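When the chains are written out, they are named A, B, C, D and E in that same order, and each has its own residue count from 1.
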Amino acid sequence: MAKKRTKKHNKKSGLAPGSVIYTGDKSDKNLFIEVFDYNKDQCIEKELHSIEEAFDFKLTDCVSWININGLNHVDAIERLGTHFSLHPLVIEDLVSISQRPKIDEYEDYLFVVLKMLYLDAEEKVNYEQVSFILGPNYVLSFQESEGDVFGSVRERIRLGKGRVRTMQSDYLLYILMDAIVDEYFSVIETLGDKIEDLETDIFEGSIEESATKVIQELKKEVLKVRRSIFPLREVINRIEKHESELIQQRTKTYYRDIYDHLIQVTENIDIYREMIWSLMDMYMTTISNKMNEVMKVLTIMASIFIPLTFIAGIYGMNFEYIPELHYKYSYFILWGVMIVLFIGMLIYFKRRKWL
Amino acid sequence: MAKKRTKKHNKKSGLAPGSVIYTGDKSDKNLFIEVFDYNKDQCIEKELHSIEEAFDFKLTDCVSWININGLNHVDAIERLGTHFSLHPLVIEDLVSISQRPKIDEYEDYLFVVLKMLYLDAEEKVNYEQVSFILGPNYVLSFQESEGDVFGSVRERIRLGKGRVRTMQSDYLLYILMDAIVDEYFSVIETLGDKIEDLETDIFEGSIEESATKVIQELKKEVLKVRRSIFPLREVINRIEKHESELIQQRTKTYYRDIYDHLIQVTENIDIYREMIWSLMDMYMTTISNKMNEVMKVLTIMASIFIPLTFIAGIYGMNFEYIPELHYKYSYFILWGVMIVLFIGMLIYFKRRKWL
Amino acid sequence: MAKKRTKKHNKKSGLAPGSVIYTGDKSDKNLFIEVFDYNKDQCIEKELHSIEEAFDFKLTDCVSWININGLNHVDAIERLGTHFSLHPLVIEDLVSISQRPKIDEYEDYLFVVLKMLYLDAEEKVNYEQVSFILGPNYVLSFQESEGDVFGSVRERIRLGKGRVRTMQSDYLLYILMDAIVDEYFSVIETLGDKIEDLETDIFEGSIEESATKVIQELKKEVLKVRRSIFPLREVINRIEKHESELIQQRTKTYYRDIYDHLIQVTENIDIYREMIWSLMDMYMTTISNKMNEVMKVLTIMASIFIPLTFIAGIYGMNFEYIPELHYKYSYFILWGVMIVLFIGMLIYFKRRKWL
Amino acid sequence: MAKKRTKKHNKKSGLAPGSVIYTGDKSDKNLFIEVFDYNKDQCIEKELHSIEEAFDFKLTDCVSWININGLNHVDAIERLGTHFSLHPLVIEDLVSISQRPKIDEYEDYLFVVLKMLYLDAEEKVNYEQVSFILGPNYVLSFQESEGDVFGSVRERIRLGKGRVRTMQSDYLLYILMDAIVDEYFSVIETLGDKIEDLETDIFEGSIEESATKVIQELKKEVLKVRRSIFPLREVINRIEKHESELIQQRTKTYYRDIYDHLIQVTENIDIYREMIWSLMDMYMTTISNKMNEVMKVLTIMASIFIPLTFIAGIYGMNFEYIPELHYKYSYFILWGVMIVLFIGMLIYFKRRKWL
Amino acid sequence: MAKKRTKKHNKKSGLAPGSVIYTGDKSDKNLFIEVFDYNKDQCIEKELHSIEEAFDFKLTDCVSWININGLNHVDAIERLGTHFSLHPLVIEDLVSISQRPKIDEYEDYLFVVLKMLYLDAEEKVNYEQVSFILGPNYVLSFQESEGDVFGSVRERIRLGKGRVRTMQSDYLLYILMDAIVDEYFSVIETLGDKIEDLETDIFEGSIEESATKVIQELKKEVLKVRRSIFPLREVINRIEKHESELIQQRTKTYYRDIYDHLIQVTENIDIYREMIWSLMDMYMTTISNKMNEVMKVLTIMASIFIPLTFIAGIYGMNFEYIPELHYKYSYFILWGVMIVLFIGMLIYFKRRKWL
């Protein structure tokens, strides 16, 4: 998948920096824009039909959350960017979905990029890039397509639950990011479950040849999740240290809270990573143990019957003068000898704990 | 277990930040509140029946230790928090038991979260979250349930042993944290014993197939203990550097002492961690050595008897003209040849040190 | 190849520092010089026939890009360097192709060295050293030979696309470096593909003995690419922090953008590196699994037929008194016994999941 | 042994911090106190019979070295500590032998704890804690028991060799610590010898099953030595940066010298550590090589004789019509065929380099 | 060899710090002193017969390079040191050859210690300690014995090539150190070649049992070279940041150049280190692959002939009633059956790709 991502990047190579080009897969999505415009007393929720309708919300006294879905509509996004006086590189990054989580601090707005992780129906991890522009009294959010983890945020704004309606745009950005980080917990919990399942399977020997493949896939997934989440710590850190009107002092405590959650997530990821690395070793010892079993069976069978066969071979020889052949009870005595040898062998292997 | 923890976290996803919800398992515990209120001259020890009784202790001249057990009683804790003017996020964190050890510095109190580790009857490590609020002349402590490592602290306050009765609340917090850190030593000592036992078992070959499982379990335990203890170093460090009336200069020497203990604990943990990693390698060589043994037995048996059987086979053939068959001493000569071969083989294997 | 590089270096050992000697392979290349001299209104593009023609461009008001190909022409480069008042060590470094990416800040120019990576027809990674001198209104670039990744840059200057014609020389340097960094994505993407192909081959068992060799080669390639790219981050960082007229404040945002790309590239490289390291482990388990298969076949064959052969051997003995030999149905009964044994064995191995 | 150490620690759990309790094993040692009191012109050397005799040396104009052996005599040490105005925690740490090397800076004295390492008769590493109190004109040293590495220091003071008699107490502390660090070299040299011996043994195959055990023991020893020595670097560093009358500027050069020695020691330790880690891999390949040898012998024997035995079996069959049986030279021809097969096999295995 | 080094150190343990004692092996070397005294206009080159003759060069206006070979002549070196007012510890370090590369900055001179590495005739790495004293207009260099890498430096001073004759003593020190660092490239190049040769040998299976030994030796050599070179980076760094008349601003650019070379050297060393670590893994897979081959041969032989031998055994039985024995074509039919079985087996193994 790294392959895919870089290919997307390559769509742009050779172009002038600042060229605004959508680099994702979802090029047939509709443009979906919703706006929440609220203060302590009221809350307007609206779906917009053209990007131009969003322009007015820049200047309202209320806090506005303008949520744009559909990064393939680059023209609309470019027009919006120009209206909100965004730097050309910001507009370029908005639609270039291979960004690493980062924050760019401009004079009158902050530009934050991060990854929204969520599980689809088959428990596969999905990655979607979400960008935020935090202005004095608005937050713009940009997603590739509809569908997100912000359901509870919408609910809280509508119903005025919690503090959100009494706070500024920096608090709005906080609850949006908090919703994303909360989802990280589910994702890594699922990864953890998969690792533990795999561990159990290896112990019980239920998977065989494909084990290395499954381990390798899990390893890659963990590395990818890690790469999507780790840089966010630095982003939050920068927000906490940001010195301007955009982030108020009292809100920083909340960002500190996200930071603590992120540390927890990343610590878990690193523990899972260590676990996966040792899975391969575990699998290796499992294989070796099995081979040991196989070898023991072979050795026991061969060690018991090869000498007996030799003895039988002796008396199958056609020499004229073999005195034992003519003795009447030879055959029965031989059986006795063989049975004694057989039992002796069994005892020997029992003592060595091979049986 | 990481799974469990994150599940607890998820109880909260989708809720407004600041929602005060207990995230632990122990939801049927009674609320148990005890208070120690003391100065140089006197010491009052009391069990409270409602949270409201604790409110008055905020203002006494004496140092007060209010110990609240039962985080499932969120209402009571919320009322207490409001009375003591705690930040909403602090109240939220108090009852959310998946916290990482941390310190939050507020204007007139410190909020410290850490993990109390202790061994249960089966020598399993138990983790319980303990939070402290350090105010000008009080310490609030919050535990999930009754039962803790503070027995000696209570004794010392009651009897006025040591310096505790002549010092302020910062010293009280110190002896509480010191009691917790002291317990860490027992816990990691037990872990160390388990590792050494496992090591011995592997050397002596007493455990077999389950070894990887036991190693993996120990690895996880060490990683979990590590995660519970490591961040505490940063917490103590922050207390030492804290600049306010809450932590007096003369007490900082004592916190430095805890810090030194913590460094010792964490160094031990890291050594155990390295030990465990090499256990898997050791186990692997043990397996290989065993397979070598098995292979040698097989090779010796096969190498000795296969050629002898071949010779017996030769004289079992039914050709009409095999001159040896008719010679009188053939059979005995053949036995001689076989015995010589047999002994020769034994000498050969002896020389190669396979016997 | 490290060998080759150091050998190149050795060409110089024993010489006075500052000796200007070309250390590369391509000693028969022509000197090819091209100039772009442009401002907002016009753009002159010219191929020069002697290095002296380039001297005048130092003083034009326009921004000049002088691109020199053919580092073997040390005399010409030395003359150019002297005319542009370059430090002797800079001139030495220009033609010494074993440089690490670095930046040297002089009073009135910056000297930047980096590696241009591109893939040749066989998808092999090629490394070419490119040096830049950034002066107040000119950029000198030095390459070993013609052929580069600057095609799109030329196009943009010619046609006045993007901002380039309205910006200063620092922006020109930026788009040149951006073109190089963009190419890194293709290179590491190809490396990533090779690693994934190898992974698939190992899983499917299509490559055998040579696998370690291929893995080792890939490992070396990744380490070499890493070494060529990693130091560049520090270079860009230093440009961003550079305090002089040469780098304007508004251009720094653009360098920040390159920096972000570099972080992405280097993160990918590190993930690939981890992947390669685990490939060897994967290959090892694959081998062990195969050996297990081989052993099982041997054990099954031997365990089934060795006892049966023993039984046949018994009745091949020539004792005079073996009662069974004379019983009429002995032979058929024996067949029955053998078939029962055979089937019993099969069931046993089936149960152990060896079949 | 980590176990033992923590057990010692636990002797104290539950006690008030500051409780002065000896945590070591050597509880039956006599108290042995010696004093050196010297200046440029004279030197008094004395053995004291009670701790109180030492009190006067605090105020003499000469430099005094008071060396106390026998940490089990806690009362005496407590009285001494009180007389020299030591902080309660310092007195506690003096007799608690599980300290990590550390320095505590107090207003008018420095408290330094480190580990004295020396080899006993069986070349085992012994660890003894040594604490120093550096005052304006005295050094107090505390050891568990008599016997140390300070012989040369005493000699130098007595005879006035070197600079010691003309320098202050900070120089005395330096030569004491220097004597300890010098001994580290012998200790790690011996560890290095053990590692190289083990390496040779593994190469030559002289040790077998116990190799993992020996490797693991060495690993632990190296880790323990490392832990005893590493923190000392920080201690020396702090002394060098210490700003007070206690450490004079001209003495710091000497501490720098100890620091350089310590870096050498720790670098060697880290190299030994890496060596040990690779020993296990080496041992593993040795085992695998041996198994290869065993397998080759088995395969050669089986591959040669199994087909020959088959041929003999063919002509041991009792079919009535086997034409070859009646031909006169069959037996001899068969021998020829078998010998050809045998030699062919040998050549084949020779070519594969198995012989 | 670490052993040897520490033994040397131990020669000194128990001695007063500052004791000037030669710790190397070469105690029978002659004292060889040469002087270069030069300025722009002239150059005197002289071999001195006693150390006292060197004293005058301290005060000449010219730049003087006094090169002393033969550290066993400690008296002479001590007299020289005293004349040049060197600190006692410096004189001690000059003749103690187990120093780590370091720089000590004194008020009117710099003391630099580093390791000269060069290859002897058998391509073994030789280590010789070289110390420099950089004074206002002189450089003292100290070597254990004659023979060094300074040939080109002498030539350049004699002939006035390059800038050396017009520069101060700091530039002289630079070209001396540059000569040493240039030699590092040859040394690590040779190490690199050895590693690649070993790699090829392992791939081709040409070395066998001794491979681990060779790998381990190489690993040690790389670690030793690394330890000799790494600390030098810090030394050069300190020279660059040194603030005094001794190092002129314009010379620092040159030291920067050495620094860049050192980074290149150390990066190569680290890559070689990683390569060596993976050699052991490679060797392990090679062994396993070989064992697989051996096992396949055994399994094929056994699987084919054991069943056939069983069949032959059946008809070797002496039952009176075996109907097949009397049927005329039985023997030939049996051969047919056996050949079919044989071919079937071959096809089976072909399909499994074992043949």
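Methods note: a contact is a pair of C-beta atoms (placed from the backbone, for glycine too) under 8 Å apart; a residue touches a chain by one contact, two chains touch by 3 or more.
In this text the structure is predicted, and so the values were computed from the model without any measurement.
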Set of chains whose contacts include both chain D and chain C: E
Those chains which touch chain C and also touch chain B: A
Angle (degrees, nearest 5) of the CA superposition of chain A onto chain E: 145
Copies chain A and chain B touch via same or different residues, half shared test: different
Gap in Å, rounded to a whole number, between the CA centres of chain E and chain C: 26
For chain A paired with chain D, centre-to-centre distance based on mean C-alpha positions, whole Å: 43
Of all residues in chain A, the ones touching two or more other chains: 284, 288, 291, 295, 298, 302, 306, 309, 313, 316-318, 322
Pairwise touch network: line, ring, star, complete, or other: ring
Successive chains along the ring, chain D then chain E then the rest: D, E, C, A, B
Chain C contact footprint on chain E (complex, rising order): 151-152, 156, 161-164, 174-175, 178-179, 182-183, 185-186, 188-189, 192-193, 196, 199, 203, 253-254, 256-257, 260, 263-264, 267-268, 271-272, 274-275, 278, 281-282, 284-286, 288-289, 291-292, 295-296, 298-299, 302-303, 306-307, 309-310, 313-314, 316-322, 354
For the chain A and chain C complex, residues of the former touching the latter: 2-3, 6-7, 9-10, 12-19, 87, 89, 98-100, 102, 104, 208-209, 211-213, 216, 219-220, 223, 227, 277, 280, 283-284, 287-288, 290-291, 294-295, 297-298, 301-302, 305-306, 308-309, 312-313, 315-318, 322, 324-326, 328-331, 334
